[in-house]
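Step one of this worksheet: look at the structure below.
To keep things simple, chains are lettered A, B and C as they appear, and every chain counts its residues starting from 1.
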């Protein structure tokens, strides 16, 4: 019983984190058809900023500063590395590979700055309570609460502000949106800012639960992509749903079957969905399927 | 007319000769230099050229981006080691096994991915690469896990192996050169240019794309087998997604020419990589920077202005009525030949302006 | 008609064809039969959006059909892939010519000439001869070495037509062959097309230029709302009040049909 509670709790936290990462992924995808595979590195950067660079004494203020910084970095990244190629006819594939490059650069610079050993954690909310014999950290609950607030907030912003509605229009058809006077390039920068802010929230709240270290692997991005695809690309609710599904399936398999299989299972699920159901569980079709001939 | 076709291949042979000269020069220079470092660098360059050529088959000829090349390289390596340790056969047989494994993997993976296009396809290959990486680590009975496997009878840093690898690299590039002007090569380039049009004139698009993947993976796996000959030891760290990204950068850096582009991209990346291997983080940082800069701001690469395929162009001589074995005796045939012949004296073509192109 | 000719399968037999894009029904229970003998040109008229190009895309399998059947010379098209159509003797051109603009005209046409293999075909050499012949037939015999990207639009359409001819088709589907052509090019095209029907190729052309239609087509079919509303010859079409109301316009009276010539 202990084990199950622990597994469920950790799956819930991981799923929330993964869902938020997939949501960040989806925000950028819906407006610009680009997959941002640097999600993991932005997240880790936010965590590193709070643990390694203590701006103030208060953990909460540190977190907020880190979120603001990473969000700014997100839009700076877009403006520097993606805006010019996009304007000059780069295909979405090229832009995706560029985001891999961005992730690697962030990672290596962070290693140069802070080394690759795990850093000490500074959770916002210390302590835990005990449920069924398992330690459930309060920070995890804070993560879930933050996720709920973020999602609701973004949904409200999207529906009730001009910028939000313009983002929806942009996602529908970019060229047409331009004809309506929507400044697409600024808005894509706004999308990147929002997306990286969400990633920073995940980084500052979730990573201290699991330990903060830069690792030379790109699997966070791939896991977020898997969650977004499985839930349904382009669908924010689907992204969260996908995150929870991936987390529960892989984590529970890891606990009860074989802990080595978690990553493999994530990637295998991604492959299976890409091949058999690229629209994900919510079933939206992806335009980039070739003819049956 | 048949002579004309032969002449096209003979014209292509100029590039072949140049390739042979370049690789021979590299081999001779390295052998003369004598140091282990030089030999290792050249071996890495040769292997990387093979990988770049394999991706060129998929991306340059068939417009299928792939992030799996190094994973298949690993498959070839592990298959070669397995075959050699289990059955003790010599390297050429292991090479055949690796080639077969690569081709089989290509067919196996290309079939489910065959309906995907562009970046979704690339993501599918990404999934395959990371699955392979995980498999290399976790299928310990076959691969020795994280600790890797020792290679029996490996010849490390030996000049003959280096020469063999460079010869193979030159051979593959020469093959690409002649493939480009062959009938199948031109059809696959037509598919790359416009898939719908190709299907409407009877070209079997699906088969060509499948074959491109199978051949590409066979070359990558073969390179993996050659890799085992030079490394005493292989481990999953040698076959990561990061390395696959490096191969992609090399192909794009090379540009549109499938022969010189492959060589230029592989050489440029190898040189830059060799300079930075002293600090491991630095070569990854270099890769990241190259990914951003090359793909974003230098999309045409180093050979961007070359047109990749051979034109069927005039002048060609219509066969004479007397004695030509392949002359066409029908009235339409000679009329057509005469009309074409008349054009032979005109200026063959005007050079097209470089049309703006998406990349 | 004797019993012998009745046995030969029709060049094109479409029955019950339905196609919708999202909520829009483009073709509803569409029926059309074009007999194989005598070879003639059939023109398809209709407003934009009537489903003409969709019909061509369905026949050539570039778009999947929702329901119905299509048979070409007796072969079931809906059970085949796009690449099989060339083997059945069907070739098509596109509204905007799809060529390899970096290659020569001969090169583009050779791509078609090499696609369909018949017995006693030579290799590349014979294919090049066939390609040169096809270019000669469309009047571009002197331009075989020219890079396709340097050609004007009308000539590019002719190169695409030559490529379709190099496939040695029995049924040729043309999508607005005269669109974008000057008057001179259009009258040359009329001569070329009547030459093709005389040589035994069945033509199905979508066209808006009534002069070309009258000069070339023996049978005119008009599509409206996804079905055929008129089926007759060119003179009857021009005179028909239905065609005038839905397509030509009441004041249309410029064209006097005369086979093989435009004016």
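We take it that a contact is a pair of C-beta atoms (placed from the backbone, for glycine too) under 8 Å apart; a residue touches a chain by one contact, two chains touch by 3 or more.
Predicted model only: the values in this text are computed from it and were never measured.
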item	value
Most remote chain, CA-based centroid, reference being chain A	C
Central chain (by mean CA position)	B
Inter-centroid spacing, chain B versus chain A (mean Cα positions, whole Å)	35
Separation of chain B from chain C, taking each centre as the mean of its C-alpha atoms, in whole Å	40
Computed distance of Cα centres, chain C from chain A, in Å	52
Chain C, residues touching no fewer than two other chains	61-62, 81-83
Chain B: positions in contact with at least two other chains	196, 199, 205-206
For chain A, residues that touch 2 or more chains besides their own	291-293
Parts of chain B lying in touch with chain C, wherever the complex brings them together	1-2, 5, 183, 186-187, 190, 193-194, 196-197, 199-206, 307, 309, 311-316, 326, 328, 332-333, 335-337, 339-340, 342-343, 346, 348-352, 355
Chain B contact footprint on chain A (complex, rising order)	35, 81-82, 84-85, 89-94, 96-98, 100-105, 107-109, 111-112, 216-219, 222, 225-226, 229, 260-261, 263-264, 267-268, 270-271, 274-275, 278, 286, 288-293
For the chain C and chain B complex, residues of the former touching the latter	60-62, 81-87, 91-92, 94, 98-104, 106-107, 110-112, 114-116, 122, 124-126, 128-129, 132-133, 136, 141-147, 149-150, 163-164, 167
Chain A partner contacts - residues on chain B that touch it in the complex	65, 112-124, 126-128, 130-131, 134-135, 137-138, 195-196, 199, 205-206, 240-242, 245, 248, 281-282, 284-285, 287-292, 295-297, 299, 356-359
